[in-house]
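A, B and C label the chains in the order they appear, each numbered from 1.
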């Protein structure tokens, strides 16, 4: 077994995890304090609006559920990788939200050497982990927890820089983060996956599939993502009317997307049967695609239209693009994040460009500048150009950042699972006997894997 | 295989789904716009209360979870029908909420040719789908997705008309919709099931049962329904004190119902063992039965009393009525919706009649007219009469509407699954190997089904 | 079979459940009424703040999910005890919240012979059930539903008295209830388990373990507890800034705890593999430990530090203490509640002592008395002393109360499962064939159990 396949977690993983946490605590001690509204001494002294916190907290909890249950269970579809899917998801997100708090704070909110955390900090910290969880989907089953922590560190750093570039410097709008989270996370992950490509894994791993119950566990993730997506797309919108619109637009976009995802899933199968992969994933494309334009005056039919298109393109992508990516481009995309987050993220970016170009006093009335503060100094067409620049920048940063991160992850020191142990919890987890034991009785294949994993 | 058993989804299903969605988009384009509070130009101009939206949004999300996770997973108890249960639930609800938005808008909220959607529109749209999901429970495993989309179209239309009749014209109170959603959905579904009755299915289908893990998946549905029912019963109550009462009354009704459901489940078994069917369903009867009177001054002990009775009647119904319905009345009720939604819905209607009859200045003080605006022009006994009329109308409309819809669903063109493929995902879904594969090794029966399904 | 192992639920269980519910309804009729804000006649007359109810309701629902889904599914990790875990959890909590409403009302809120229930009553009622659910974890699989109802009755009574002692009389702060719920529930349960100790059960029951899917079901419980813990620790904090802090502190404590729990789980395994028991439980210790000091000015790094320590101690406890407790102290702790609730609860109490000792005008400014009303008449060091007294009192009351309750539960009349039927649903539930049937084919052991259960 070559050195690069060392999978010994005994020391490297715990030392890395504890070191990262210790450094985080020191950095929090130096930089992080409470927002005025949460500071006992300042809460009553200033213009803090404690009401705001109560209004946003339910949306924060919805986003929280999406990150931990939504992404976590969505990836449990693999028959032998459920512990890793939901468990590494928790690990990545728990570390990522701490690092995201620091990175976003340093870039956006550093005042007098201090970062004041409030409810939006928590939401944005959760958001920053979403990018890594999306990328995790592309390389699911093929990387070690050590590699995942390293990727989290780098990806959130690059994400925060790109987010600052797109929404801070270019002043592109991206309230539901179709571009800065979804497209970014997907293309970053695909670039990582390209660099980590292993010919030995191609198409012959019997563990890279689902069983009946693992597909039902995955539906828990799908549904919590689907239901709470209106909160995701609206949580950080500043104006109440914009937040309201973001909820309504996303609600309808998701509903339309379900219809087209089901229709295409059946239409593209030679027997007309539905495929759980499409139902678990493509039904969510409407949420991704409605992100950037969520708070714009696209009207409910505009939301439906975005979902309609996203459901079709996502399902077609799963059916035809994913196999081509693997065979022609050497990009193996375990969860098909290109179809759920990549292309729908680009659709979302395009919808944002169109929505910005069409912004006018006619449609927005006196609310134009509260939805588009940029139009104080720009024309609508100009803003559309900046939206396009934001989309382009995101794709470029994601691909370059992912490629660099991929090469860092290939450093043999981190270790990665051997081909024959990919998509199998047993290499990293104590897996109970029981069902697996019975499967062993019926499958001589599995016995072999076990031996390899423990070799 | 007779024409009426054609199950080819290849073209009919995708064409139907895409056509429905396209028509919906056009109708939304013509009729649907934002509520003033969500309209950039109008949000700051008028008497909109943006506060209200923040107050109700958490309840909307609770209802949303009940519809998609609650109903969806509750029906996954069948051993081989989990994909269809949770998957068709999503499909029905996603289409239904769009159609419900239009139907309810046309009947209640059409102003100058436009329907303005707000947070209550989303809640009511979700509510309208609940009726179909209840009816779906009665015919679970025996109908095709094409039939289900057709049923959704008709049932929501008839539901919206009945709702308008009961709460609009008769001015009966039904805040938690014991009558207009639960009783309506149950009796509509039973009528459909009666018309679609197939002698060949009776009592001999080995797939119409649960396995250990499918019963645990169903408990996910049960618990999310149970926990969030206070939000269901209170979400659309107009007065804050009434909303507050609806939460408290429902909370206690559900708690009492659990005790009697467990007690009866054990008492009615000859060995005293608990039955998961009762635990999954009858524990929810208190939520259904507390619906109509939820915002009335029934006091917490009144809530407990309603739950106490509902838990008993529901469990007794599962034990004794469901088999009789199947054998004597030719009504096969897969999920026992008569016991969870039918009888408890009627109990709820009766509680509403009693509650209205007892309404007085004595009990409600100055809040009498904010809880019972009808008493401006009616006596309490008069209102009780209108409540009774609302209940009677609902049952009549449901039974007649369900019967007509049942005959429409029998039109051979739609196709329905052959008897031997009922309660089996394989006819409509790509089902992974794995667990099922092992079961195949142990069960020669299943091999046969598979062949039929793919024939 | 000795009389004490009578497991006949046929009459005892239903009679007990119905009698308890009937008595509860009578007591509610006598004592319980609506809070002014939920009373139609009083809502508009007084100083009620209906706003408050809307602000807190989302947190109540989060707590509700923790109680029913969180605790319920966390305990489904046992391979053959899922029905009982989630089912008895529902039963205990549904009864407990009614009894808790009465007990807490009598002790804290009895005015003119009436208890007025409001949103905080519902939260506190849910909280009171948490103590029993924690104790349930210690004796999971070894007790009958009759014993569990009896334990609920006694434990909530003793809990309410202790809570009154600690927060009412001693005026110790415990907003997130590290002491009064977590440490109390754990040590109460351990004392019960000690009294009910059975030598025959030690280490040889093959049912006391998980299978692959049961571990995934348990992760549903883990994640909902983890995500909503900020709501648990903040829900009853009175000042808005304190509530805000409690959310932020708990959020970060939980995140840090995940990193150390993962690190230690790997470090303590000889192959470096992660153990699902640790991931399911020790990742939550940060929430428990952040409870008492949650609303204090510990700053986010203080939250991280608490979580860091709790994650380490909890994982070490699972690895080394639990086996010692069973072998040396005759305390069998099925779920390891000592590691999740006991020790982290004590850490939380200690953090509260330190936090109180360090409270000063310097740190809290004008908010000092709104966070520490006790400092009107006490010094900070004095308050620290009362915090310590509260912790000591809680441990003493829990151990004594649990021991007494244990002896009551040993009364043969209640019945308890024979050793060979422990950790097996079949003694109390109709268990479907299917998967279990297949297991029977492969396991002759299980056939024996079945026979015993039905003997």
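Methods note: a residue touches a chain if its C-beta (ideal position, glycine included) is under 8 Å from a C-beta of that chain, and two chains touch if they have at least 3 such contacts.
Predicted model, so just to flag it, every value in this text is computed and none were measured.
Trainee: Note the rotational component of the Cα superposition from subunit A to subunit B, reported as an angle of 0 to 180 degrees in steps of 5.
Mentor: Rotation angle between the two copies comes out at 120 degrees.
Trainee: Can we say the copies subunit A and subunit C touch using the same residue numbers, with more than half in common, or are the two sides different?
Mentor: Since fewer than half of the residue numbers are used by both chains, the interface counts as different.
Trainee: Distance from the CA centroid of subunit A to that of subunit C, rounded to the nearest Å?
Mentor: 33
Trainee: What are the residue numbers in subunit B that touch two or more other chains?
Mentor: 54, 58, 213, 220, 438
Trainee: Flag every residue of subunit B that touches subunit A in the complex, lowest number first.
Mentor: Going by the criterion above, the answer is residues 8-11, 13-15, 17-18, 20-22, 24-26, 28-29, 32-35, 37-45, 50, 53-54, 57-58, 61, 64-65, 68-69, 72-73, 76, 82-83, 86-87, 90-91, 94-95, 97-98, 101, 117-119, 122, 145, 213, 217, 220, 428-436, 438, 441, 454.
Trainee: Okay, in this complex, where on subunit B does subunit C touch?
Mentor: 54-55, 58-59, 62, 79, 209-216, 219-220, 223-224, 226-228, 231, 239-242, 244-245, 247-248, 251-252, 254-256, 258-260, 262-264, 266-267, 269-276, 279, 283, 297, 299-301, 304-305, 308, 363-368, 370-371, 438-439, 442
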